[in-house]
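Once you've had a glance at the structure underneath, I'll fire off some questions.
To keep things simple, chains are lettered A, B and C as they appear, and every chain counts its residues starting from 1.
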Amino acid sequence: MSEALLRLDRVNTFYGPVQVHFDLSLQVGRGRIVSLLGGNASGKSTTMKIILGLLAPRSGTVEFDGARIDGWPTHRVIRAGIGSVPEARRIFPLMSVRENLLMGAYGRADRKAVGEDLERMLTLFPRVAERINQRAGVLSGGEQQMLAMARALMGRPRLILMDEPTMGLSPLFVDRVLELIAEINRQGVTVFMVEQNANLALQIAHEGYVLQTGRIVLQGAAALLRGDPRIREAYLGGAAAA
Amino acid sequence: MSSFIDYTVNGLVVGNIYALLAVGLALIFGVANLINFAHGSVYTFGAYIGWAAVTFLHTPLPVTMLIVFVACAGLGVVIERVGLRPLQGKARIAPLLATIGLSFVLDQLVQLVFSPDPRAVPSDLPDWRLAVGDGSIGAMDILIAAVGLASAALLYVFLRFTKLGFAVRATAQDREAAQQMGVNVDAVNSAVFAIASALGGLSGLLVGMYYNHIDPAMSFQATLKGVVAQVIGGVGNVPGAIVGSLLLGLTESYGIALLGTTYRNLFAFVLLIAFLLWLPNGLFGGRATIQSEPLVGSFIAPSRPIRLPRWAVAALALAAFALPLATSAPYLLQTLTNAWLAAMLALSLTLIAGTAGQISFGHAGLLAIGGYASALLALDLGAPPILSIPAAGLITAGLGALLVFPAFRLRGHYIAIATLAIGEIVSLVILNWEGLTGGAMGLTGIPPLSFLGQDIFSNRAIYWLCLAIVVSLAALQARFLNSHFGRTLRAVREDEIAARSYGIKLDRYKGLAFAFGGFGAGVSGAIAAHLYSYLNNQTFDSQLSLLALTMVILGGMGNVLGAIVGAVALVGLPELFRVAAEYRILIYGVVLLLLIRFRPQGLLGTV
Amino acid sequence: MAPLLDIRGLTRRFGGVVAVKALDLTVGEGEFVSLIGPNGAGKTTTFNMISGLERLDGGEVRFAGRSIQGLTPEAIAALGLARTFQHGRVFANLSVEDNVLLGAHTRLRAVKPRLPVIGPLAELVLALVRPPAVKKEEQALKAEAREILNLFGERLTPRLDHPAYSLSYANRRRVEIARALALRPRLLLLDEPTAGMNPTETAEMQALIATLKGRGVTILLIEHKLDLVMQLSDRVYVLDDGVKIAEGPPEKVRNDPAVIEAYLGHREIGRAASSVEVVAS
């Protein structure tokens, strides 16, 4: 396995009195696509919040590129080289598409390079380019997903976090989004994605982790997980005995 | 002033002043989801800084404006630091209460430093007036218009074209997403408070120059006007705030032309209520209302209330009853009697705001209704107090529930604003309905408390009477909190959607809460009326509403014993320790701030 | 006999997006029906429309022989419909017991007399006076609440007076179901009752739901855990993108390729898959 760009080590998280993560450990190798799978309320999105510093773990560590980032405020985490495609996209609905993209480059001072990246994004995401001057709120779900991805890339991240990138999209857009994730990764960006749609995620991921009520119950190479009957059981199966 | 043009010019000028306030409130609401009740205090602070600069340093106008701008921006940063930042992740109402605490502190400090007397702000503007039709425009009008326009233009450029402006808009639209773009939202909040406060301060300075009058008590009304303008334009909407302000200014000005100056505020608040009910998103409310999340424990701080054993409560009550036997010091007894009257109010509020979750900012309005009802029954119909007081309680129960009824569908911040406005409206109706209430002159010669034709003047007797009422009200309240009815009220507070899905009719229970609470508050107001023998529209003012809220928070929201403890602590103790009057509000403000920060569940815990 | 719940042409739009499109669905008295499909398929929106929280843009909902669209949620609850919520909506600061007791709100008679106009005032006065009839009703209800909580074994009974916010995620879901049972529903809507539960807890929940089914409770279930759905359901509806793509007995639905694709994701993802091959090689 390649060197880890992101590493979570024995993370325990609580919402008030309720524990969400139990000794959660995982790592994301440089240049890889890693997928975190699990059903509703398994703790996937909370994992993203922990990495982004939106929530502090009660114990355990988060390391990015060798530096401990748990306890950092979110803006510092982002500026360290992490891009985020949040769950449900969370584009800025009243800003134009262009303004949304510029927000993605908020932490950058190199105006000229930002302009070049903007052009690059428009080539990579032609659907977004068509809408450049419209208010982002009027875009369709799929277009908003593309915009959210482009926006995250505008920060020139080394690691991009994607929370359920295919949720609520039509099949056509699902394919397109997966293609783009693979493309982004090919261009050198490490991808860590949370997905509920197991088959989808494992098609493009290199490695996968399966989360169940806050615990990793299965992990390994995507190719192996794909054929593993336990994944269906652990993930959709419900009663384990069945 | 006489012509239509004059009234129009006046309306636009006042509207511009409101706009400088409202734009700041809108910016703050946008990024922080907070109605900043300290905003009016910044406005007053700005006016006084400007007055001091002109009076002591003889600064020319541009320099004065600069000084005000910078000083108020600094104050804004402080407000954000104290009132907002430490409270993130706490109950959503917490920052709002904190800004109320801050406004107490700031107003009182201004009063201590500059004295409560009104001041005139000298202006070095030329005296000419330009004739327009049958009216005229003066240099001051033009200055205010220019400042208003220039601020709007600068704000537009800032929001549209600067990096920080982008961050402000992004934060307003989606705070968490903005963070995930690398925006330091704390810094954005700080910047927004600075800008908003600088504009608010300028507004205060201009108002001082325009009316040639400033005084430390003008804060609260300023905040309210800013809030009204914002609601008209859509809360959090910056251009909306400007339009809303101009509309409000014009409405007030034309209203005064038709009916007289005492109607000014009535127009503002009626407009506010109308918008809350029929156009809650304001004139430009394109933004769809977001289904509010369940307030899973975020509304009040979850806690395990401290439960005193029954014998201890009984012992406390007995001690309170026995006190007049041990001492007859009139000062002590009168002070505690005031505390018992406050306790009736606090019991009422803790039921409505704490148990049923309907934060009421206008509770003094219920006192006023009760006070006037009993006084008028006694004066006009010759009813003895023993009848007029309970009757006043019932009238307040009915009228209170009825007045707030249209606001029952509002939630969170909006119910707070609506009750605040309803409280103000009650006071303004009293002011303007001279035939019934005597208007600003008030009612005099209200008969004293009496029993079977025998007047009661003894401090002891009055003390016992009030205490007995407090104890009975508290016992009743505690009794039904333990019933299915109490359980239902708390369910309404916790999650309206879930409550409705289990067959709970919200209006019915909110109405009953206001009715029961209204009774207690009405009785308190009625007794006070007979004790004071005099009432006017300012006897029960909005400051009393906010003080009641502080008592309730101090004791623990929804906590029956806590309400009494809170009332005794805030009304009784300062009096007993003879704290000078001018420091009392300061103490209330500090107590409120400390509570929200360090013990949001209050002394005895929320129930 | 007409089905207990009879939905025809149910439609809901949000902005330009059609969340639920012309859905027909029935649940017969005593039947166990499941509604499955990927996230965002429109399942919860359907629940919201049935229970009166969301308005209909088209279609009709009939429950127990009468049309219920346009009724308030509280009126629908009074007709005997109880539901749980996807993310759990317990009354957080109220105790476990209080939560369950509130479930019976619509059934109270002595506490909440059905009098016109003065009903609310009578309720207030009765809460203060508490005559024997009221006391008796409250006692009976408490006993019933214990019985319901006993269904969950030792999970909730030791925590009767704990505030709901202090419970684990799984326990909060149990409290919600207990609250729903206290309404003695003619129809019970369960929205993902096993979300956030581990296999042991899921098996326990499955056993509980099977018990309810055995007692003849009519249930409409939203659930992602297919084994549970397949074992318990009489019939299954599959929703994707707001559209019903399959319905029928579990064994039929289980092998429907359209269902497998919609629910588990696409087996073939065309060019995306091939481009990954390139990266991998």
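Throughout what follows, a contact is a pair of C-beta atoms (placed from the backbone, for glycine too) under 8 Å apart; a residue touches a chain by one contact, two chains touch by 3 or more.
Being a predicted model, the structure only gives us computed values, none of them experimental.
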Q.
Please report the smallest number of touch steps linking chain A to chain C.
A. 1
Q. If every chain is reduced to the average of its C-alpha atoms, which one ends up farthest from chain B?
A. A
**Q.** Higher-contact pair (C-beta pairs counted), A-B versus B-C
**A.** B-C
**Q.** chain A-chain C separation of Cα centroids, rounded to whole Å
**A.** 31
Q) In whole angstrom, what separates the CA-based centres of chain A and chain B? A) 45
Q: Mind checking the centre-to-centre distance between chain B and chain C? Centres are C-alpha means, answer in whole Å.
A: 41
Q: Would you give the residues of chain B that are in contact with at least 2 other chains, written as numbers and ranges?
A: 297
(Q) Among all residues of chain A, which ones touch two or more of the remaining chains? (A) 16
Q. Tell me, which residues of chain C touch at least two other chains?
A. 165
Q.
Applying the document's contact rule, which stretches of chain B touch chain C when the two form their complex?
A. 294, 296-297, 300, 302, 476, 479-480, 483-488, 490-491, 493-495, 497-505, 508, 511-512, 515-516, 606
Q. Which chain A residues qualify as touching chain C in the complex?
A. 16-19, 39-42, 140-141, 164, 167-168, 170-171, 174-175, 178-179, 182-183, 185-186, 196-201, 203-204, 206, 212-213, 215, 234, 236-242
Q) What residues of chain B sit close enough to touch chain A in their complex? A) 163, 166-167, 169-170, 173-174, 176-186, 297
**Q.** Residue ranges of chain C touching chain A (in the complex, touch as defined)
**A.** 16-17, 38-40, 86-87, 165-170, 192, 194-203, 206, 223-228, 231, 241, 264-267, 269-273, 275-276, 278-280
Q) Which residues of chain C touch chain B in their complex? A) 51, 53, 72-74, 77-78, 82-83, 85, 89-94, 98, 101-103, 105-106, 108, 111-112, 120-121, 123-124, 127-128, 130, 134, 138, 163, 165, 179, 183
